[in-house]
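Please go over the structures that come below.
Shared chain: subunit A. Partners: subunit B in the first complex, subunit C in the second.
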Partner chain A sequence: MPWLTILLALPIVGGLVLMLQPRLSAGAARGIACLVAPATFGVACGLLFGFHPNRGPQRQERHDWISSVGLEWTLRLDGISLALVMLTALIFMITVCALVVKFLPERNPAVYLGLILVAEGALMGLWLAGNLLLFYVFWELMLVPFYFLIGVWGAEGRRQAVTRFVIYTMFGSLIMLVGIVATGVFAQRVTGQFTLDIEALRGVVFTEDQSRWLFAAFALAFAIKLPLFPFHGWLPGAYGTAPIAVTVLLAAVMSKAGAYGFMRIGLPVFPDGAAFWQNTLIVMAVVGIIYGSVVAWRAPTMRLVVAYSSLAHLGFVAIGIMAIDPQAAQGAVLQMVNHGLVVAAAFAVVGLLARRSGREGVDDLGGLADGAPWLAGVFLMVTMASLAIPGSNSWAGEFFILVGAFRHSAWAVILASLGTVYASVYMLRLYQRTMNGPRGATPGKAVEMGGADWAMLAPLVAVMGVIALWPHGVLRATEHSVERVVAPAQQALNRPASEIKAAVPANPPETSLPLPGDPLPQPTSPTPNTGATP
Partner chain B sequence: MNIAATPLIILIATAALALVPALVGPVRFRRDAPPALALLGLAAAGVMSVLLWGDRRATFYEAFRVDRLTVLLTLVFVVSGILTVLLSLREPAGVDRRPEYYCLLLCAVAGMTLVAGAADLIGMFLGIEILSVALYVLCALEVWRERSLESGLKYLIVGAVGSALLLYGLTFLFGVTGTTSLADIALRVDARDLGGESLLLGAMVLIIAGLGFKAGAAPFHMWAPDVYEGAPTPITTFMATAVKAAALAAFLRIFGAALIDVIDDWKTPIAVIAALAIVVGNVGGLMQSSFKRLLAYSSIAQAGYLLIGVATGTLDGATAVLFYIIAYTAMTVGAFAVMVIREREVEDGQSIAALAGLGRSNPIVAAVATICLLSLAGFPPLAGFIGKFMLFGAAADADLVWLAVVGAVGSVISLGYYLRPIYAMWAEDSRPEHARSLDPGAPVLFVVLMSGLGVLAMTGGAHWVTEVCRAAAESLIAP
Partner chain C sequence: MTPALAWITLLAPLAGMLLLVASGGREPSRGFTRLVGVGSVAVSFACALALFLQMLGKDDHERALVSTAWRWADLEGLRIDLSLLVDPLSMMMMLVITGVGSLIVLYSTEYMGHDRDYRRFFAEMDFFIFAMLLLVMAANFVFLIVGWAFVGLASYLLIGYYYEKPAAVAAAKKAFVINVLGDVGLVLAAVMIAREVGALDFATVFASAPDALGAGSTVAEFVAVMLFVGAAAKSAQVPLHTWLPDAMEGPTPVSALIHAATMVTAGVYLIVRCNVLYQLAPHASEMVAIAGAITLFMAATIATVQEDIKRVLAWSTVSQIGYMIMAAGLGLYTGAMFHFLTHAFFKALMFLVAGIVIHALAGEQGIDRMGGLRRYLPVSWVLMGVGCLAIAGVPPFSGFFSKDEILARAWDAGDLGKVLSIVGLAGAVLTAFYMFRMFFRVFHGPEPEGGYDHEPHNPTIIMTLPVVILGVLAVVGGWIQIPTVNHGINTWLDPSLLADPGIEASHATEWRTIAMSLAAAVVGIGVAWMIFGAGGGRRRIEMADRFPALRRFLLDQWRFDPMIDDAVVAPGRDLGDTAVARFEPRGALGIASLGSGLATGAGRLVRASQNGMVRVSAFGVVLGVAIVAVAMILGR
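Right after this comes the complex of A and B.
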């Protein structure tokens, strides 16, 4: 069975059915959504069985689509994809079920649910795409549902926010499109074959200039999506005006697309470019961490505190990837999952507070723990996880990132550690202002968690607990995939062979016949194969 | 008799015939016969062209050649013509001046066919004049409306300037090479090594400017928004699609084939014009509140995208141009057809505001409009995206990466205005003053559906369409 295709087709088809059936009764719409999202999660769980952590990409599904432009329906699963697929399926299932049970908007609920499911399908496609152009298709496709979700159901100021969001993202992605075109054309000159298959492009020897500029074209799109520091202009607006459920999806899942892009395409296909831009990107990430933390500290509304904290946390992920070290990169993957869980829970709590009290400001509330002990308890756990207190799930991820990065860029780690200090400042401020201190206008009883809130938060907290106790589970599944991703860039940086854990094949293979116009074979191959096979 | 000219003859004959029913017969016959004749003639010409697919045939003393490129483009013109006729059925201009309207439309299609199959400078100029003169009149055919007259007059003046420049350039070209046959020009340019020759440079500049006027590419675009806005909407549709395709055909015939050996001389100017058109069209589109003007600016930008493929001067580039012309025709007709519907349903139907709430009142039409607009913006994996991808790929291959970057940035900017109608359709509530509704008529709905299906078919079947386009592009450089 083509399980990967099913995994992404299921939500897309379900979503389209919901959207194109205007006369569907609300009950039927809820039923379909409630069936599709858990079914998708079920398929995702099914992928866990039969997953071989020591193999690279697996479960390949490949069909021709539009061969004249190199577009193929190629799906592959590796450890990194698997981690994100599981995260996506879980977060979407929880969000959709919570929406269905309680929080559906009055306006066009079926279309709303349909768009969310399409977004899920697009994200799944993004994690699984094995072809650059297919990756791009899903990259753009995921923008459409979010555009409408924010643009139609958002709060005041949504129009400006959503336009800015789209223009930022599209700017990056169209430059990426040029990058894709150029990658195909330049690779053809080296290998003699026009392909946009990511695995086939791995190890292609671009000239240094090509690699630098191509990496930059892709990195821009990823940096905007992540977002890295100077490209975060869309973030406050989009996170601030979107319906809270959509904000959860944006922050928990969609923001991983940028980081994933760096790992899937940036490092393996353009190792020289990654080596060249490494320090620039690390500086951007560090500035983002500090900037995000400082702004989160003084942010006026609860939502913006979490939004900017997200900026800081993703800065850690970016450092983990750009440190170009297997350990740091593993930490980055773990941290992607952690951040998804934590930020989803944080936004859920903040959304709950805002909805029940009718206020968004940090200073509007106070002393809620008195009447809402359960909420305060859960919120405290989320806060602690968010500031990565030792023993929490985020701590494992951040620790891996910092240790891995310390080997090569100690200065970045020292500066980034400021971020962990700041995190306790802004998260504790948020917690203390709302939960402790003098009572505000809203009594604590009014915000205590009900059944639906429990159903939403309990699974998130439970998974956070599991990862906190057993991070090895995620690390083990991703170890080999991450090593494979990082190895080419490590080679480009001339790291000692003992650190490079995966082989980098020469592309085109040394045994292949020369192209017409190629110089006569040289005695030494341009890419010495120094990697040790695991 | 050589059958190569049959489509052309059918078109001209039907054009003449369409005038007759106005004089004789009962009222119903007078009303229904001209459009019926026009549809019949266009369909017959289309079928004849399909039958001619294959080897090259020449006629009219080698001035008109029917090769795969001619056939493909004739089909584009014919389909565009048929859709225009269907859109025109209840249009005031089409009702009031039925015989002239359809006669002129068919003449224009005939002129375009002549351009597409031109093997000779004179034939090409003749074709361009036939189509231009027909369109001057068609633009102004709603004589009771000032904007329509203004549109016709503006188009006449600017079009005459364009024709003059083109003719001047063609005479220079004749002066340098001593022949009017495009094939001989190619041979002589190659044999005499005319690269950098100043007279030839002058000729190329004038031809680029002249054809630039016809294609509506910046900086020769200033007529387009006013003319497009004032002309009856079906005619605007026709101009935005078929006329542009004809101008691009002329570009391909002259630069892609006859002057291919001096590519270094014309590559940069055409690339610059393409970049200018993309920037001007897309930035200009941002400030429009009228959907019609918005589409006019969009068509300027699209002319720029098409010129990217011309500027590459490669087979891939020509293939991409042809693919994009077909895709562009489908999506533009769809967008304009939706506007025709709104024009008939509500007052002030040309504004973006008139689209508000269409998503709820008429989801199918709104869905087609959304698909067409997203495709125009280059949203993957729609046909417009595939076309742009091929154009950018050809540009990158021809060392014009900067042009691809300009194109990509232009696409981002274009989203700023393509998203506005989409937003209005789906996210805004319809206004009370837009509530009353006239029946737009089945033919228009048919056009909407066909263009939507066309875009989707080109998305799914891009592979086959590309094959056909490649075959057509190959005939461009075939001896």
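Right after this comes the complex of A and C.
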């Protein structure tokens, strides 16, 4: 069975059914959504069985689609994809079920659910895409449902927010599209074949200039999506005005797309470019950590605190990737999962508080722990995980990132560590202002967790606990894939051979002969017209 | 030795906490809470005791037990296990934590009797005991750090126990944030060790550190300094000490257990545990010793003007830990641990007696509102007297032996040791003075004007018994190591100290130090008696008026708080405010517009937030200097 195709087709088809059947009864719509999301999660869990951690990409499903432009339906699964697939399936299942049970908007609930499911499918496609153009298709497809979700169901100020979101993202992705085409063309000059298959492009020897500019074209799109400072302009608006469930999805899942792009495409395909831009990106990440932290400290609303904390946390992920070290990169993958879990829980708590009290401001509430001890306890755990207290799941990831990055970029690690001090400041501000101190206008009893809140938060906290106690489980699944991803860039940086854990193939293989009619490959001499445009 | 016992020791308090948390949304019966809260710690103590007896039956080199639960991570060859280490050093800590812990938890059952959140208190206390045990039982740096952070969390929760009180909430946050800074220090030390040694478990690290780090190398110094950042934050050493006095916002048993007997001495444990690393880093060791000496002196001076009984004890704790840190920095590891032991007894004793006094007066903490209490609380009077004599260093009470050992051996530990020994002696005079100032003002003299706010009442046996036991320990605790007679601590800890330089005091030094520290105690107590004891404390007022500037300076606690606020807190806050108000609304291509925005609106901006901008630029300068410094140290 083509399980990978099913994994992404299931939510997309389900979503389309919901959207295109306006006369569907509300009950039926809920039923479909409630069936599709858990089914997707089930398929994702099925992928765990038969996954071989020591093999690279596996379960390949490949069909020609529009081969004249290099677009093929190529799906592959490796450890990194698997981690993100699991995260996506879990978060969407929890969110969709919570929505269906309790928090559905009154206007067009079926379409709303349908859009969410389409977004899930697009994200699944993104994690599995094995072809650059296919990657781009899903990259753009994912934007569409989020555009409508924010633009139609969002809070006040959504117009401006969603416009900014789209402009930022489109700007990046258009440049990425140019990069994709250029990659194909340049690669053809070297290998003699026009292909956009990511595995086939691995190890292609671009000239240094090509590699730098191509990497930059992709990196811009990824940096905007991540977001890296200073490309985070869309973030407060989008996170702040989207319906809270959509914010959960944006922060927990979609924000991983940028980081994933760096790992899937940036490092393995353009190792020289990654080496060239390494320090620039790390500096951006470090600045983002500190800047995001101080802004989160002073942010006026609860949501914005969590939103900016995201900026800081993803900075750590970026450092982990750009340190170009297998330990750090493993930490980064773990941290993508962790951040997804923690930020989803944090937004869930914040959303709960805002909905029950009708207030968004950090200073509007107070003393809630008195009547809501369970909420206070859960919120405390989420707070601690968010500020990455040692012993939490987030700390495990962060620690591995620091261990790996310290080897080559000690300065970045030391500065980034200061960010964790600020993290304790802003997260405790959020926790204490709402839970402790003199009582505010809203009594604690009004916000105590109910059944639906438990159903949403308990699984997240449970998974966080499992990862905290046994990160080895995730690491083992991702180890080999990460080594493969990092190895080419390590080579480009002339790292000692003892650190490079995976073989980097020569591309084209030394034994292969150029095809008749193709220009001769010239891997060593630079081509005359170098630059960003083909 | 049985691994299962070690795991039960560690996990019993955790189980107690989980049981209390899980016992439903409503407050369970007090009897159940008491049973679980105290019982779980008692079980833990019993297991620790059993392990101790087993350990006594072993030869020196067989006294270390490592037990692994599972592999926590295997990161490209960096293997990290969830495993425990029980050796003489951790055994000593375990006994004190669970032993003193049981007594204090028992005491709390009555002390907290009027509280409506009874269950939460015991759940958090049990969590603390678990975390503290994890800290001392961890067999590698990773779980040491985890325990380190968890005790910080427990401390945060218990300082902020009365969470409706803004002062308690603020104190809790301050303690937490400063301790996170300490955690960062530990993490940086650990990542450096991981880079240089390629392992994080104690056995491997300590075995290969001399080769992998190199004696006196920059790397070794970096590791030692970063470990000390952690130790200083946790053990309240200058300049990271400011949270501990504020931590007195927590209930008194919490202060006794966490902020006197156990958690705050974790820094001492850390340095002693990492003795190999400190022996490789002579400069860092000296820095540690000097920081300890500065702390012990500064805190002692501040303690002389405190008016709140718990704050006197808090500053005294800071000062006494200063002695331990100083000793550890000088390489007197056994001396540091010996003083940790006696201090755990007499300081817990004094806090608990203070608790009885506060309880008897229905929450009154100002020593001005006390006085003459020996007539109402005779047992407490005797016990507090024992504690004060012990801390002042009067033989045969326990503090005499441990403090004397530090001062005598410091004198023979090189030039720096001589200087610091003298500082320690000066501290001893101050210690005797401020403790007996408190003692005389609370228990002697006239009753406060207008009488007590609440008729003093004696506690029941539940509260008295633990205090009496601690009183006995505070008397005899020092007898396990009497100069020239026996060496209980030295012999016991020997297998854990892989790099003990073995500094011993000569006989001449020994006798001279005994004479001098006795003199110090007598002078301190005598002066306190003249001012606060004799004649009902009439001379007190004159003294306070004579040096107003000095008094002000001491009352401001050497002005550390405003200094730290200006240098660290305010710049970040103002940068955040400026960013929220100015940069962020424009979107972040707006960071580009930040430049033009600053240029065009410079005047307006400066006027609007003049103060803020100065701090922002100060922050920028600090950050820039930090970056350059770090780049110079580590750039290659």
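Basically, the second predicted complex is superposed on the first by the 513 of 534 C-alpha atoms of A that agree within 3 Å, B and C clash if a C-alpha of one lies under 4 Å from a C-alpha of the other, contacts with A are read in each partner's own complex, and residues count from 1 in each chain.
Basically, a residue touches a chain if its C-beta (ideal position, glycine included) is under 8 Å from a C-beta of that chain, and two chains touch if they have at least 3 such contacts.
Just so it is clear, the structure is predicted and the values come from calculations on it, not from any experiment.
Enquirer: Clash or fit: what happens to subunit B and subunit C when subunit A is overlaid?
Expert: fit
Enquirer: Name the contact category of A:Q330: first (subunit B only), second (subunit C only), both, or neither.
Expert: Only subunit C; A:Q330 stays clear of subunit B.
Enquirer: Could you say whether A:M435 touches subunit B, subunit C, both of them, or neither, answering first, second, both or neither?
Expert: Second partner only, subunit C.
Enquirer: Report the partner of subunit A that touches more of its residues: subunit B or subunit C.
Expert: When the residues of subunit A touched by each partner are counted, C comes out ahead.
Enquirer: Touching A:S67 in the superposition: subunit B (first), subunit C (second), both, neither?
Expert: Only subunit B; A:S67 stays clear of subunit C.
Enquirer: Just checking: does A:G184 make contact with subunit B only, subunit C only, both, or neither of them? Give me first, second, both or neither.
Expert: First partner only.
Enquirer: If we overlay the two complexes on their shared chain A, which of subunit B and subunit C does A:F379 touch? Say first, second, both or neither.
Expert: Once the two structures are laid over each other on A, A:F379 reaches no partner at all.
Enquirer: What is the contact status of A:Y260 with respect to subunit B (first) and subunit C (second): first, second, both, or neither?
Expert: A:Y260: touches no partner chain.
Enquirer: Once the two structures sit on chain A together, report how near the CA atoms of subunit B get to those of subunit C, whole Å.
Expert: 16
Enquirer: Could you pull out which residues of subunit A sit against subunit B in one structure and against subunit C in the other?
Expert: The answer is that subunit A has no such residue.
Enquirer: Can you list the residues on subunit A that touch subunit C in the complex?
Expert: 164, 229-234, 236-237, 290-291, 294-300, 326-327, 330-331, 367, 369-370, 373-374, 377, 384, 387, 389-391, 395-396, 399-400, 402-404, 406-407, 410-411, 413-415, 417-418, 420-425, 428-429, 432, 435-439, 469-472, 475-476, 479, 483, 501
Enquirer: Please name which positions on subunit C make contact with subunit A in the complex.
Expert: Subunit C reaches subunit A through residues 21, 25, 70-76, 78, 82, 120, 142, 145-146, 148-150, 152-153, 160, 163-164, 166, 169, 172-173, 176-177, 180-181, 183-184, 187-188, 190-192, 194-195, 572-573, 575-577, 579-580, 584, 586-592, 623, 626-627, 630-631, 634-635.
Enquirer: Across the complex, what residues on subunit A touch subunit B?
Expert: 20, 22, 64-69, 71, 133, 136-137, 140-141, 144, 147-148, 151-152, 159, 163, 166-167, 170-171, 174-175, 177-178, 181-182, 184-185
Enquirer: Across the complex, what residues on subunit B touch subunit A?
Expert: Residues in contact with subunit A: 360, 363, 378-381, 386, 389-390, 392-393, 396-397, 401, 404-405, 407-409, 411-412, 415-416, 419, 423, 426-427, 462-463, 466-467.
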